[in-house]
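Two complexes, one shared chain (chain A), two partners (chain B, chain C).
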Partner chain A sequence: MPAPLAPLTLEIVVLLLGIVLLGFESFSKGGDRGWMARWSVAILSVVFAWSFFTTGDTGVDPSHAFYCADPLALFFKRIALLTTIIVMVISLEFRPVLEKFIPGIQPGSGTGEFFALPVFTCAGLMFMASAVDFLLIFVALELVTISFYVLVAYMRRQNASLEAGVKYLILGALSTGFLVYGITWIFGLTGETNLARITQVLPSLLAEGGRLHGSESALLFALMLLLIALGFKVAAAPLQFWVPDVYQGAPTPVTAFLSVGSKAAGFIVLARVLQTVVFLPSIAPKVLSVLGLLAVLTLLYGNLAALPQDNLKRMLAYSSIGHAGYLLVAFASIDPAAGNLYRTQTAIGFYLFGYLLMTLLSFLVMTVVSRHSRGDDIVHFNGLSKRSPFLAFGMLIAMLSLAGIPFTAGFYGKLLVFSTAIARQNFLLVSVGIITVAAGFYFYLKVVSAMYWKEPTEDQPVTASGLTKFTVAALCTAIFYFGIFPQSLLSMLPSDKAAPVAVSPAPHK
Partner chain B sequence: MSPLLFWIFAALMLVFGIGVIINRNPVASALSLVASFLCLAALFVGLNAYFIAVIQVLVYAGAVMVLFLFIIMLLDLREEQRRRFNLLAVAGGALVSLGFVAELVLVLRKFTLGQKPFAPIAQVDDVRQIGMTLFSTHNLPLQVTGVLILVATIGVVVLSKRDLK
Partner chain C sequence: MDPHLPWFVLLNPLLTAALIHLALRRAPAAATGLSVLSAVLGLITAIGIWFSGTPSAPIEISWIQLASLRIPIGLLVDPLSKVMLLVVTGVGALVHIYSTVYMAKDESKGRFFGNLSLFMFSMLGIVLANNFAMMFIFWELVGVSSYLLIGHWFTRDSAAAAANKAFLTNRIGDFGFMLGILLLWSASGTVVFPELAAKIGSLNLSAGFLTAAVLLVFCGAVGKSAQLPLHVWLPDAMEGPTPVSALIHAATMVAAGVYMLARISFLITLSPAAQSVIAWIGILTAVFAALLATQQDDIKRILAYSTLSQLGYMVSAIGLAAPGAAMFHLFTHAFFKALLFLGAGAIIHALHHEQNIWKMGGLAKSMRLTFLTFALGYLALIGCPGLSGFFSKDLILLAAWQQSKPVFALGLFTALLTAFYMTRLFVVVFLGQPRSAAAEHGHDGPVAMTAPLTLLALLSVVAGWPFIGHTLMGHDLAEGLHKIHAGGGAETVMSLATAAFFVGGAIALALYSKAKRDPLRIAPLQNKFYIDEIYAAFISATQDLLASVSNWIDRWILDGMLVRGLSGATWGTGFLLRFLQFGNLQAYAFLFGLGVVVLIYLMALR
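After this line comes the complex of A and B, so read on.
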């Protein structure tokens, strides 16, 4: 058995892949850049497999590290890799639309960067999963956000894409401002940027006679600024106003990437930041009640505003807000007495993995269908079961899982989230959750009814490449597999039974 | 730095900062930003942070703002001067920022940490220390920043080139 590899090699390989792709791209002849996406899929798959053979030990004391590789970090790295792989498959299907809206001198020219930038984004997401120091958190987050600014505005001959890019840039810069200001406050209060050391010094600072004694409001203020910034990243109400326009205007693969990758990374950073303060008895109730309020608002806004939507891309944007709400329920139900966040971490890890499968599946099918029908309104899906029974079945599975039908990954994810809330006897959150799940059934099944019970407006069959068909089949299988055997996924996530391998700042040391 | 100088430069910085937003003429706005950066550099000098002060002048007030001005003068921005203030938006913005300031004041009134003086730092070589920190203990974030700048450069080229090959 070979010696396990250092975890940082994963990011290094991904970064090298991006640089090599760009290098080859500048010397390649001809317009077709599809090989870049296929190479990325192949190499990122190897890195994904590789991630199971890395050690969790970085060899550095966590309180002096920027980077950790606990099971949670490795799990979210895999989410980032898998998301990028599937986004590449979606991009391949999206090429004809992309070529129409960029000023290339021949078909296919100018698409190279569209396949290279997601690789860098993936590296940024992987760094975010591992970041345990505010400096690395900030730099990795900016790497992700800046590459998204470019990708969102990529189709610059289409006004919607440009408008989405500008909106995302301005609001993203504002949220970055809040993040930096929050980090500055934390640094000013504690003199530390490392999360583990912040956890260590906070109790003594807040204690009687400590430097912060009597002024915990400053700490709460800093946390509020951080919550605003992270709430923007994960699209929590009332910081979600950018989502529908940006998601609808951006190129479809980028929308898929934003709604899964950006959200997952935002949530893991939120989990790490909360871990520093949530066990302080004077801070925890206030933070948790704010999170509960955010969860309720996000759930109601996302799911109720999705009801009247006619455009599938916009509907999925609202649905992604709704799913952020379910994830926030798990955060609002943290038990401050437990001494660890394993329960919440497990719930959000499983939920986000299921969310990845079903959301990317629906975006993949949508890209293929909208290319043939020239539009992504729900009307364009009318009678899809007659034009392509296979793709219609894929979309059916995605919608059922998003709605939360038993035996799908989406159902078990919701079950885990609600079980955290029930364990804390947070019945308000549970009842709001159940109401919004019912609303979800309505708008997800609207798509299903269009596909199976409406007459098609066009009779030309919808065709997809072999790689796409394979991906659809694999995603459908995974949705059912992890819905029926969730244990196979849960064993990778931190739990009470198996202590995490490396870093998990213990507050009571 | 004497507190008087601090207050003068801080007030000037805020005045010019407001000038950036209020001026309808983009060139005047950009020049206000330069002035605001210069005042900020003066504040850094007051904190004995000479290196940051110099960088602030060289990079922001110098290089970045010259580029800004060039771009503004290359584009035709007269449209912007004719635009009227949207009263509702102004009122909304004022309300939000006043709320934020009010919260800040409430927090700062209870906050006593700022009045305790820091222990003076032993005389050190500014540039040398920053270099040591960047390239030894803080190497990983520095490398990631390198990637970030690479991505930003690629993005600028992709989004601004007229014909893509």
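After this line comes the complex of A and C, so read on.
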């Protein structure tokens, strides 16, 4: 059946692109590699457009598939593609800085992998979006993580980048260990690695007379190991210690990629894993309460620790922890009686899409400005409105949306997340959420005040390439468009009205 | 009806405003032309809408769709909004044309016309909105655009302050409005007017809840329509250019409150308690403002207080369960009050921005056409039999007569006061001899100024004639008017109102036809003025007291304890959290492990 495999062609094209790029880097002479990024942007854009013509349902028996392409998976594939495209645009702006810290025979040589590896990461993220078997989850996750190890440490002559690379490698390996250990426990308990099969066998195993009856602790322990590994990927407290140092040390485009792509993929895997257990009455309350605890800690840590920061890149690192907290609120507010995760899936899908727009917009503007100002502290943004009104406006929109001002995509995402919590009457989560939103206003608007109300320290104008300007304008428009007309995005996400597809187990009341 | 027509009416001024602000600010001639063209097109379309039937299907596009909340962007075209469309686009188009002369020499003409178009967009949004949420958004947009227009000459401190005052006072009312909307939504689960109307009867809401909800929504009208105690912004708003005063502060924005109340009259009738509060606030505003109007010297301020007073009538009519009468008076008032403001503008323009009536006089000879049209507007306002104001005011008084004699007595007294202060204004400005050098050089404006005056004068005469007014009002509203008329007491009320007109006019004529010869003769009247100043001082003293109390609360409790305390505590926590981040890899791995142990304990072992 060729039609059901159509979505897989997306990944195949992306992988081929990566291999071709890598081949060019290996077998051609050195020189400027900017064309690689531009070609990637063009081809990935075509793949992104193509994704709207692929069929959404699997047609394959879910119990035997490694791979599913339900609407949610397609949606997250688009997030991965869009992220990679914008990261490539950021990379183009970042090239001068990169070349300074790469030893090479001639300027620009040795930067090819920097444009090829993100394409592989993108393929990994797309596989993660579709993975419904622990084996594929693990392989895809490692494809992503190993590319990131290289990318984080890419600026070999800069100590900060190397240090970040080492920290990420060691702590990442630690979390991978937990993941594999968790998977083996699950396999040991159920004899399965396929999520749909696990969902099918678990109720009978836990029921009276089943092999696991009375020993839920073993299953909980396995789940906890998985939760820790995924919590590490999405930077949930208390597993977030690596984030500020790694984000600050890594090359800026890689930081942007980490904070959006890696997080989005982590959350969709978390959603798929939770779907297997969250409807089991003996398991759900504990899992949800731990998720709630993670959400509270993450919200508080991310938003409060961001307050005193005066380096923008580091502040955005903390802010990305904070946003993971809001997403966890949606997970902690899953309704076990609902029989599906549509509410949560819709909330995190919309939230992550908005988060993609505003975070990548701020990283893009930051890259341009810090190249001109030679630094990414908030003081380097002083008076940006006079040096480049356009970029300052872009940054303003990004900050307003991150803070959650109405009529931006960021606001509507928060609204959806909080409405899941209110529906479950999780008022503790809502109130912590609202307090941290208020804290968020402070540090996001600090950037705005620097740009608009402080005198510039230098006065030469900040210039950007045409592609960058176009991207900034497109992102600003999208932030407002989806903030005002959220329906166009929500219709792509699963809702109660849509027929359930792929792995959705029967509800257990 | 073609559903594109209302969309065009709504969106064409927005497009115009956007074009002007984005591209034409430095091309004033093009901006003026475009803005006037858009206003005239709006009027033509509104007339087209009036002649076509009501749309069969609701005109809406889905906007927000959450589980329990549906907010469409929808347009409601019914007799009520059709009449209001005519008023807004009609007066709007005339004011646009008039402004081309009045603002001819203004340096930032482009900005002015851009903002005027923005205002038209916001106001038409209120008129056409089919749900509370959308109406609230446009409600705020009207606040913003009127802020921009009042503060057009923002380099003058008084104009900037007036713009602030108008905006802030409105916000107070809007807060109540928002709470009211939320209450209604929480009870009925919908914000769409037709759905709310269909649902509200079957909900069995308690009387207290309904009264609270209606009164909170009414707060919004109190702010926009400048009723007691939020009336303070309107007289100050006269700092804006006079065409703005005519458009915003006579015909449209201030009428929005009354229009909104008429739109939700199905709700108001459910709560008798709220009805009587609304009726009393309206009529008290009418008396209070009329009293103040008798002592003003600034021609625009007299008209502003008069507007307050007339709006009081309309609000009171809503409280008397006569929304038809309120809309009828709104309709006629829009024409004659816009005429009076534009006439005053013509005088101010000719006299080089002189606004004090005691420095005018004898303008009847030098400004012939302005005098004649102003006279018609004046007679319509004070209820001269046969002119539009007479019919509409008479209906409100009749409704009061039938339901509450005290309200009727106050309404009649207001009618007398109205005749008095308007005759004073008219006599002092137009009759006698010029009392200043500027007044000797009065002259009529060019055609773009006199043509709107003439048209409005014609409308001021005929708009109230039953066969014209009732046709324009549409079947449903006219039905309500007939019902009031048939309710009894029509002859008594009409003769009493006519008597009030003659008595008030005669007293003023007797007093001021002498005063014009000898200005010193007004000294006894100044005593009356002092009483009001004491009253004003009393108000300002309470305001000062309230201000200092709230200042104290703000400074020590809100700012000191809540804001500083909270922000200090949050910042401090953040500062401490930063120390967890010491950059040492082993420590991170240790903390990671610690987190793992704690989580596993919580999940699996506890």
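By definition in this document, the second predicted complex is superposed on the first by the 486 of 509 C-alpha atoms of A that agree within 3 Å, B and C clash if a C-alpha of one lies under 4 Å from a C-alpha of the other, contacts with A are read in each partner's own complex, and residues count from 1 in each chain.
In this section, a contact is a pair of C-beta atoms (placed from the backbone, for glycine too) under 8 Å apart; a residue touches a chain by one contact, two chains touch by 3 or more.
The structure presented is a predicted model; accordingly, all values stated were derived computationally and were not measured.
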{"item": "Joint occupancy of chain A by chain B and chain C, clash or fit", "value": "fit"}
{"item": "Which of chain B and chain C A:L189 touches, first, second, both or neither", "value": "first"}
{"item": "First, second, both or neither for A:F441, with chain B first and chain C second", "value": "neither"}
{"item": "Partner chain(s) touched by A:I170 [first = chain B, second = chain C, both, neither]", "value": "second"}
{"item": "Chain B versus chain C as contact partner of A:F241, first or second or both or neither", "value": "second"}
{"item": "Partner chain in contact with A:Y452 - chain B first, chain C second, else both or neither", "value": "neither"}
{"item": "Touched partner set for A:F390, first chain B, second chain C, both or neither", "value": "neither"}
{"item": "Vertex chain A; arms to chain B and chain C (CA centroids, nearest 10 degrees)", "value": "160"}
{"item": "Touched partner set for A:P486, first chain B, second chain C, both or neither", "value": "second"}
{"item": "Which of chain B and chain C A:I102 touches, first, second, both or neither", "value": "first"}
{"item": "Contacts of A:S217 with chain B and chain C, given as first, second, both or neither", "value": "both"}
{"item": "Lowest C-alpha to C-alpha distance for chain C against chain B (Å)", "value": "5"}
{"item": "Chain A positions touched by chain B in one structure and by chain C in the second", "value": "217-218, 221"}
{"item": "Interface residues, chain A side, partner chain B - complex", "value": "15, 19, 22, 66-67, 102-105, 109-110, 113, 116-117, 120, 123-124, 127, 133, 135-136, 139-140, 142-143, 146-147, 149-150, 153-154, 156, 188-189, 211-212, 214-215, 217-218, 221"}
{"item": "List of chain B residues in touch with chain A within their complex", "value": "103-104, 106-107, 110-113, 116, 138, 140-141, 144-145, 147-148, 150-152, 154-155, 158-159, 162-165"}
{"item": "In the complex with chain A, residue positions of chain C that touch it", "value": "62-67, 567, 570-571, 573-575, 577-578, 580-581, 583, 585, 588-589, 591-592, 594-596, 598-600, 602-605"}
{"item": "Chain C-touching residues of chain A, taken from the complex the two chains share", "value": "166-167, 170-171, 174-175, 178, 217-218, 220-221, 223-225, 227-228, 232, 237-239, 241-242, 244-245, 286-287, 290, 293-294, 300-301, 304-309, 419, 423, 435, 439, 442, 485-487, 490"}
